[in-house]
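There are structures below to look over.
Both of the next two complexes hold chain A, though its partner changes from chain B to chain C.
Our next item is the complex of A and B:
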């Protein structure tokens, strides 16, 4: 290993390139997709439940499974994007409830049209996301700490404000208030398809997955999300607006929380202020099972959706199979572990140098 | 923005070259201090189109400070920094980029998990359509990436593969090609060969010459005189924040360059010290020659 010079003898290096790249088979392209592990898992799980519990295959049960998946999936859309951007959010579970509480308490306390509360709740949700983002940027603390803090604070605010304003741990009923029915039609109705009632959240969920996929794969912003998650410094160096993108991602999570919060509110007419704790992990699990790397820079919105679908299948499938639902969490943990291992392998494949 | 007009400007610049005011960059007595610490002082340097200017120095010699000034990350507070003959202070990397000064950093070049074409256009994506339906012009970006890379002599079948799958040298080259495509007139390469093996370094050095031949003024920062000498047209030697020499290629040999850079007396001292510690003779000889880059890397 002595000195090296730029002698002309290096010409070989580039001509040898093609054979090293090789031709990609359809299979290897497929295997390179982030959500492939989850897809295989979902298919396997589907077949499994179809065998052990034939009722699982009936359209009505499928609609129920999809509904269960959608309530996780709506949040998983935002959480997946955020995770691809290299951050994660522990406050999502309670932020959903915060949004629902804001809408109901504001409308109830001031006697306003419910829609005013709905719009203000959107502002609250976006603001929560914005504050999470801005604190993360300003303090340069990891998102674990920042959002753990906001998780705790929101938990306290939910309980404290609900009791202070409404006098109970549950928000007062807004069922007979103006605008309730129209809001319920948007956020918590059912659509009848060939005799089967499918909850509207399923369609909202699918629409959100499509929009998020479009943003991720076909817009500048999507490019930036992958870049800041993959290598923030490199992204900054080539002129990607890192700060704006990150804050935008937290706000997108806020938006998803608002959608789900409105569903939670209008599916009934009141919200329990202590709810939501622990749900943040379900959203993260859906994203991780769907192939989003915890370290960022890799994943897809479709993956998060498949992760949510797996969750929905497991959750309801256990009931249809008439097993003890106590086992559900164990199963979920196992799925998570397997998915993460698959993800690591996929990442290594993608990153490995020759 | 685009440098498709390269050939024309090249010819033009060649004609104008003898006049000194047409130097791309001119630094005179440039200095920088951080508080009471003087990081750089009295540096003179000229960058010409189609020439490679090497900046050599050991760790802490002030190389990084110098390129940060040229790339707009820091501002000099002494001396004169001229771009196309007019004095300038670059406020940010964005301003430097707009002025045609692009820096390729050793570790900051690319996002490993992203496809090559996405990396190539990162931060300057091409779009089509209007308003909320503005979408990436994927095919065009892929085509341009492929074309630009093959112009640089990198023939890739698949620009869709993650850039992390390329070797370190190839990644550097993609970053160089990117800078060239986006209209760089001055290309700063920060230790592009430092982390590379012998063969890969050779590949990068070849692309430095490619960039030079396309009419760019290249600033090549390295601590390896054996990488600098074959490609360089002029050599700026830095030590402890000061310029200890500025030579054109005809004025200096690679041995002199090495000796100047390391400081002969210090090396002799080091050899003596190592001898006392029981080092091997051959390795000492090598250290004395200051040859092996892998030792320092």
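Our next item is the complex of A and C:
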């Protein structure tokens, strides 16, 4: 960043060629990426667990680790984009459950084909994102407050509506309804690769990361996202549709919540209305480890995915290593801290060597 | 967001349910409303009294639903106006007791998961002459707090009962899955199992996220090939452990604590060995009923000792008999 503050006249006298149009080496491009620190952290963690728990390297174990990572990672895609756009969302954890409950309760109560519930749940999820976005724009309150309010309201709605409609705090099982099997095949099946069952969420996750990266790096919308996260006023001044982009980002988060919500529903047949609380932080942690700045304007979708992978490795690696479970949370916290510190060090190195 | 988008949204909202009508599921779903069968019975002729049931339930836990149903049924029979309140935070649960005192209730039923936090407000209640019973948690402390009766199960005993049952089945190395780290009752269950089966191992999972429960349990089953049983400490978690077992391609036996209708089905099918039920419905019912009995004739039940509502073992031999009760949500 320091090179940008140097005055143009100074630059002209010292270098013959403007560094902005000069060719960079592949290494310096690589080191300049937001996710490079997380990548180094992930490789280190992988090697570490491969040494302390050899079972970690078996294909079946890796599939489990990837599954654990994917259930965080799917949301982290949306959350990363939103964070690059300068906002964040505390309602994501419960919004996932809201979506699952909507699909389940609507199909169950009206006796509809499960797919109708799935489509209506998508509308509910997008609507939650839309409402978050529109309140943010209209009130100009920080997203922390707006989404904290929607977090609380959704928590209450999840409980209240589930009990009012289903008569219990857990949604009734819809496993025997029409359309369940086909929906399960899409959202919660396994794919057999060389004898190893890999959960379909892993592929959904990877596809979403690729799409999000393409949007961020190759489209106009991607530029808008970086622009509003970097400096909203300046972005507006150069004609970026700030309102539409922000609402769109919240709706993208809603979409990710729907995907994960559908997985929850079809993997476990029934959903407990109190679930999901606290997960919003895991998604944010994944994005931050992956190099997204809390202040916006910087980050990548791939970074969020690597962050989720680090979380998955730490979470499951401790179990594979068969460490005393009393210390589980401590190790988890320590690993997250180390990963983030490595991230910062690598990023600083990269910036100073530019 | 221009106007056309709004219009599109409204149109979508209108069309989708219409499509839905053409896409009904002929299987499953909500059963048609049954002919009213509850509430038709005789109600006690005593004057209407007001009872507050104040628990430490976390919102959204199916277990507490059953307790609440028991309390509601007793209230309906005993001509009691029931107020059901809960807060998992000790301090706030204590404030709920004070609010109930302010409202002039005729009796309080309280769970004593955090007895020390309840001390002050329960003292206020006894000073105001309000009779108190405790339920679910607080077996060893209820007497000191001015509570005249307790209804609950002993978690340690429940764990030991599960241990005995595992031993009977020849299982030696079970994994006890705790969904909330540091929860005294859950730790006591696993400690009870471990007392009978010394090689019991504890696994902590994040109970608020089923996907993490499944993947962590799968990881454990993949890593630990010696394990021969896995125990869930709540019915929904046991259902997830069954999925983890399938994913890990493991041969372990599955056992459980607590109950719901799906779990009873799995026991009937033989996929789950047994569950240890503490009969929570009884806890809610008895707590409200004991307060009414106290109002009716100054009775105190239990003779100063805790009344145990469990452990009751449910295995294949009894599962079928209680299936309909589990579906109704009372078991």
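We adopt the following convention: the second predicted complex is superposed on the first by the 296 of 354 C-alpha atoms of A that agree within 3 Å, B and C clash if a C-alpha of one lies under 4 Å from a C-alpha of the other, contacts with A are read in each partner's own complex, and residues count from 1 in each chain.
Everything below uses one rule, namely that a contact is a pair of C-beta atoms (placed from the backbone, for glycine too) under 8 Å apart; a residue touches a chain by one contact, two chains touch by 3 or more.
Since this is a predicted model, take the numbers as computed values, not measurements.
**Student:** Tell me which touches more residues of chain A here: chain C or chain B.
**Tutor:** Partner touching more chain A residues in the overlay: C.
**Student:** Which partner does A:159 contact after superposing on A: first (chain B), second (chain C), both, neither?
**Tutor:** second
**Student:** Regarding the shared-chain residue A:239, is it in contact with chain B (first), chain C (second), both, or neither?
**Tutor:** first
**Student:** Which partner does A:218 reach: the first (chain B), the second (chain C), both, or neither?
**Tutor:** In the superposed model, A:218 contacts chain B only, not chain C.
**Student:** Quick check on the superposed pair: does A:53 touch chain B, chain C, both, or neither? Answer first, second, both or neither.
**Tutor:** In the superposition, A:53 contacts chain C only.
**Student:** Now for A:87: first (chain B), second (chain C), both, or neither, which partner does it touch?
**Tutor:** After superposing on A, A:87 lies clear of both chain B and chain C.
**Student:** Which bits of chain A are touching chain B when the two form their complex?
**Tutor:** Of all residues in chain A, those touching chain B are 1-7, 9-10, 13-15, 17-18, 21, 23-24, 214, 218-220, 222-224, 226-227, 230-231, 233-235, 237-240, 297-298, 347, 350-354.
**Student:** With touch defined as at the start, can you tell me which chain C residues reach chain A in the complex?
**Tutor:** 1, 12-13, 16-17, 19-20, 23-30, 58-62, 64-65, 181, 202-204, 206, 208-212, 214-216, 218-220, 222-224, 236, 239-240, 243, 247-249, 260, 262, 329
**Student:** Once bound in the complex, which stretches of chain A touch chain C?
**Tutor:** 53, 55, 58, 60-61, 64-65, 67-68, 71, 107-116, 119-120, 123, 134, 155, 158-159, 162, 167-170, 172-180, 190, 197, 243-244, 247, 263-264, 267-270, 272-279, 312, 315-316, 319-320, 322, 325, 328-329
**Student:** Once bound in the complex, which stretches of chain B touch chain A?
**Tutor:** It is residues 93-94, 97, 103, 105, 107-114, 118, 121-125, 127, 134-136, 138, 153-158, 161-162, 164-168, 198-199, 201-203, 205-206, 208-209, 226-227, 229-231, 286, 291-294 of chain B that touch chain A.
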